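Shared between the two complexes below is chain A, which has chain B as its partner in the first and chain C in the second.
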Partner chain A sequence: MITIGLPKGLFYFEHNMLWERFFKNLGCNVITSQDTNKQILDYGVKCCSNETCLPVKVFHGHVYSIKDIVDYVFIPRYISLDKNEYTCPKFCGLPDMAVLNLKRQVKVLEVRIHTDMFPSETFDSLLEISRVLNIKYSDIIEAFKAASKEFDEYIQNRHKFNQYIKDVSSTKSALSVLGHPYMIYDSYLSMTLLDKLTRRSITVYTPKDIDHETKRRNAYPFQGKVFWDVGFELLGSAFTFAEDKNIKGLIYLTPFACGVDAFILEFIERRIKSHYNIPLLKLTIDEHTGEAGFDTRLEAFLDMVG
Partner chain B sequence: MKVTFPHMGNMYVPIKVLLDTSGIDYVMPPYCTNEPLELGIRHSPEFACLPFKTILGDFIYGVDNGADFILFAGGRGQCRLGYYGDLQAEILKSLDYKVKFVCLDLTNLTPKEILNRIKPLTEGKSILNIIKGIIYAVKTVYMVDNLNELARYTRCREIIKGQTDRLISQFHNLAQKANGYKNISDIINLTKKSLRQIPVDKKYKPVKVSIVGEMYVSTHPNINFQLEKKLGNMGVEVQNNLSISHWITDHFVRKLLPIKFKKEPHEAGKEYMKTNDIGGHGIHTIGCSILSAKNNFDGVIHLYPFTCMPEIIAQCAFSEVQNKYDIPIMTLIIDEMTGEAGYMTRLEAFIDMLKMKSEVATTNN
Partner chain C sequence: MKQDGYYIGIDVGSVSTNLVIIDENDKVIEKLYLRTSGQPINVLIKGMQLLAEKFGKHIHIKGVGTTGSGRQLASVIVGADIVKNEITSHAVATQKTVPGVKTILEIGGQDSKIIILKNGVVNDFAMNTVCAAGTGSFLDRQASRLEIPIEEFGGYALRSKSPVRIAGRCAVFAESDMIHKQQTGHSTEDIVNGLCQALVRNYLNNLAKGKDIEEPIAFQGGVAANVGIVAAFENQLKKKIIIPEHYDVMGAYGAALIAKKEATTSNFKTSFHGFGVANHDYRAKSVECQDCSNACEVIKILSDNTAIARWGDRCGKWSQQTAAV
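Let's look at the complex of A and B:
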């Protein structure tokens, strides 16, 4: 049986289910790397140039940690996941970066997604997978379609049950945590921020809790324009939450020197200042961030918002 | 309406020609001074890439000095460049500047829509003059690049050091003050003529270095610490793969021709990136490094601004490129904090190494 490795970083936090199902449908054995930990981070730091952002370093650590126990590591090439929406450049080069930074000591499988301009590229990459794994192309397509369908249903259900509805939340005060999914849901990189808040019985909302359309509609000033997908997600969430009187504060978790956040955060900070009256805490994380300092800043913020 | 525009290397020369010829009023920020840069840094997000900051600084300077119109090009895609305009407009707005900021999405608009959006500028101007302006400007781009080529040749070979630099800085002084195609092209030609008269050592075999990387820092001397000049004065012959004329040729001229050219650096770069685009000039950077090795350059200098995403990706390919194609590559990353001393030390060490390597090679032959 073929064993496929899924690195628990970047794309994983949103799409793990899709790809896991896809490979299981193909009859592959799927292994996921461990949760991020010190060792994984250290591997990543060793593989990548210093300038690389923290999440990409960590991602390399995950690839490194499983490369010897799997036949292939799966790394999708996300270019555009929706009409008029693009990813960070690093997602487009990710499979190549991993191969080069790991000195070709890893075999990578990729599926390419370019919805905005070249949707058919996905099928080209599936054809390639069929060739490499020696599985009939029609089987691959079927597995992919079944996995996509299941994934879409899951997302829709999530929104049905878990959707953040202003009126419901308005009975109770809450906080919102913003940032790339691979920052806020990775408990190592986020210094267990979500847990820390829940342990204090604080209700927390994240971009996941708002539906796709609402975020697009509120993503000032890019409504109807072209932008990064994560930009739509975060601008839209920030301004949706900022409208809600019961959301007492926004916490934005950002990795040091992220080129995309540099822009998104600037839009948010300026508009929050001019149009809303909600406190915003920006927490920057790099590989040297100490938990003590992080906690102190968090405490101070929580005291302030009450 | 009075327009302002940002600097990028020598681009101001053709832009002036365009605006002068079309009769459009403008404010040009000062060339190669620090004031606009400081303005830009003050009002930009810390981790924005350096080009964003300098361009914003130029805009603020322009508006402070009477401009009320900014024209900027954006587009769809991966990199931040496509979204520069939106953020800059937002920042200017929150600084309370009253300025019309038109950001053209060149990938989406038809020529008619473009004309419509720049109407406030062109209103009452003769279409003929505007067309003339465009043609003259494109010609000027090539003339200026040509002038630079010549300077790269003479600078490393001149017998009395400093002659090329003196002519080039004189050229900039004159060009900034001159108006119109006729005057500017006269200045270019005059400078060329003087450059040709500089006595050079024709037998000198310089070490050859090729510059690759992000376009803005590679072409803007004020930001890259006058890299080309420094190299030339160390006796190094430079090829800069990021000239505007290359870019125009690639993006416009070749598209109009009936034969399809493959963009050579791009094709070469795809050896390491199995995709068509990683944003910015990433693939071009890898390709140019490979081609530089094939064309017998002694080394490659890779330049990019801190946090530049496509170039960080490209950099991953370099350890393999260096080994496989046997060419030393040095990466220099620039931000507003970069100190000139450290930068120079690394540069000098790299060039010394290249010189030594090429001496060993010649004695062995």
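Let's look at the complex of A and C:
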């Protein structure tokens, strides 16, 4: 049986289910790398080029950690996941980057997704997978469609914020944590931010609690324009949460040197200042493991929102 | 004198460790500003010794508050009633000394902060990010490189006729820029002044970006002693800068005030270990836990060889052990 490795970084936090199902539908054995830990971080920092952000380095660590126990490491090439929406350049070149940084010591399978301009590329790449794995193309397509359907249904059903908005009697105070999924849901990179908040009995909402269309509608000022997908997600989330009186503050977690965040944060900061009266805390993460500075900012922010 | 209550505030920062004693009227009756010199435990104990010698037998401590990046450490050693972050502590202290303060500028050893208050509550704040460029330790280093005592650094800046432009964004670039300016023959005064201007420019463009700096403005932290920086702030903001009386120990003062407020509102019995802590031997041991791939750096605080606290573990296995004792 063929063993496929899924690195637990970057795309994983949004789309793990899709790819896990896809390969399982094909009868493959799927191994996921461990949660990010110091060893994975060290591998990543060692083998990745120095100029990238921390999550990309950590992703390389995940690839490194499973490369010898799997037949192929799966790294999708996300270029555009929707009309007018593009990913960070690191995502566009991720399979190449991993192969080159690991000195070609890893066998990578990729699926290309370029919804905006070249949707057919996805099928070209599935054909390639069919050839490499020696599985009939029609079986690959069938497995992919079944996995996509299941994934779409899951996404449709997960938006708890919409229900929360309806519950107008709710007096519980809550915060929203914003950031790339691979920052906020990776508890090592986020210095267990979500845990730290829930331990203080704070209800936390993140972008995945809001549905796709609401975020697009509120992604001021980029509605209907071409922008980064994560930009639509975060601008839309920020302004949706800012409208809600139960949300007492926004925390934006960003990796040091993220170019995409530099833009998004600027747009959020400006509009929050001119249109809303909600506190915003920007937390920057890099390779340091000392949590004192992080906790100081977080505690002061919680004191401030009360 | 025995009946009156007193409160201790301790701020263990990266460069200085400050201790303050206040009385029931919020008046500072003693303050110590000690260099941490990378040895927070020793300095803290030394500070406690100094306080014990002067006040030990006469005063009754009703509450202790700790703050600063070493606040946890200080808390377990002296037995603190409250452990508070620096931002809140600074805000509390400044509101006490500068009534109606709207903007607090604070530059310490490794941190710089800006705190914006509206209607007496913290409305917004920012701290420097990952890098310590433009903080006190950088000035310290440059002063010693130019062989100027740090106390005289600001005076040099004021004597400058025409400041040179120094890159302020990054400490490493700033230093090479300074060296190049020296080599081309600029006077030390002009370079020092250029550096003060650069530091303030960097502060205002980064930390204070997009924030409304309204008067009254208080400037505190160790760097507030530097008249060159104060002048640069006034010059660039075109506003008056107030240096609070206890500018160098505001964090500790705030922690003491918060401890006092807590003690009076919730009426607790202080967990202060007494001035006797100075007679014990404290050590910190760092161990890399090998139980899982996280390999956390666990810190163990020993008091006379008994572990009194542990932290640094992500899973909580070690920290819980001592919390239960």
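Following the convention adopted for this analysis, the second predicted complex is superposed on the first by the 295 of 306 C-alpha atoms of A that agree within 3 Å, B and C clash if a C-alpha of one lies under 4 Å from a C-alpha of the other, contacts with A are read in each partner's own complex, and residues count from 1 in each chain.
Here, a residue touches a chain if its C-beta (ideal position, glycine included) is under 8 Å from a C-beta of that chain, and two chains touch if they have at least 3 such contacts.
Fair warning: this is a prediction, and the values are worked out from it, not measured in the lab.
For the composite obtained by superposing both complexes on chain A, the positions of chain B and chain C are free of clash and fit together.
In the superposed pair of complexes, A:D96 makes contact with chain B only, with no contact to chain C. By the touch criterion defined above, A:D116 reaches chain B but does not reach chain C. On the chain A superposition, the C-alpha centres give an angle at chain A of 80° between chain B and chain C, rounded to a multiple of 10.
Of the two partner chains placed by superposition, only chain C is touched by A:D286; chain B is not.
Contacts of A:I69 after superposition on the shared chain: neither chain B nor chain C is touched.
Once the two complexes are overlaid on the shared chain, A:I79 sits against chain B while remaining clear of chain C. By the touch criterion defined above, A:Q39 lies against chain C but remains apart from chain B after alignment on the C-alpha atoms of chain A.
In the superposition on chain A, A:R270 makes contact with both chain B and chain C.
With both structures placed on the common chain, the touch criterion links A:T52 to chain B but leaves chain C unconnected.
In the superposition on chain A, contact is made by A:R297 with chain C only, not with chain B. Within the superposed three-chain arrangement, the count of touched residues of chain A is higher for B, of the candidates chain B and chain C.
Once both structures are fitted on chain A, no C-alpha atom of chain B lies closer than 5 Å to one of chain C. Applying the stated touch rule to the two superposed structures, the overlap between the chain B and chain C interfaces on chain A comprises residues 270, 273. The touching residues of chain A, when paired with chain B in their complex, are 48-49, 51-53, 77, 79, 84, 86-90, 92-93, 95-97, 100-101, 110, 112, 116, 221-222, 225-228, 231, 257-263, 265-267, 270-271, 273-274. If you check the complex, the residues on chain C that touch chain A are 69, 84-88, 111, 121-127, 129-130, 210, 292-297, 314. Chain A contributes residues 34, 37-40, 188, 192, 256, 269-270, 273, 279, 282, 284, 286, 288-289, 292-293, 295-297, 299-301, 303-304 to its touches with chain C in the complex. Within the complex formed with chain A, the residues of chain B that make contact are 44-49, 75-80, 82-83, 86-87, 90-91, 94, 105, 108, 272-275, 277-280, 282, 306-310, 312-313, 315-317, 319-320, 333.
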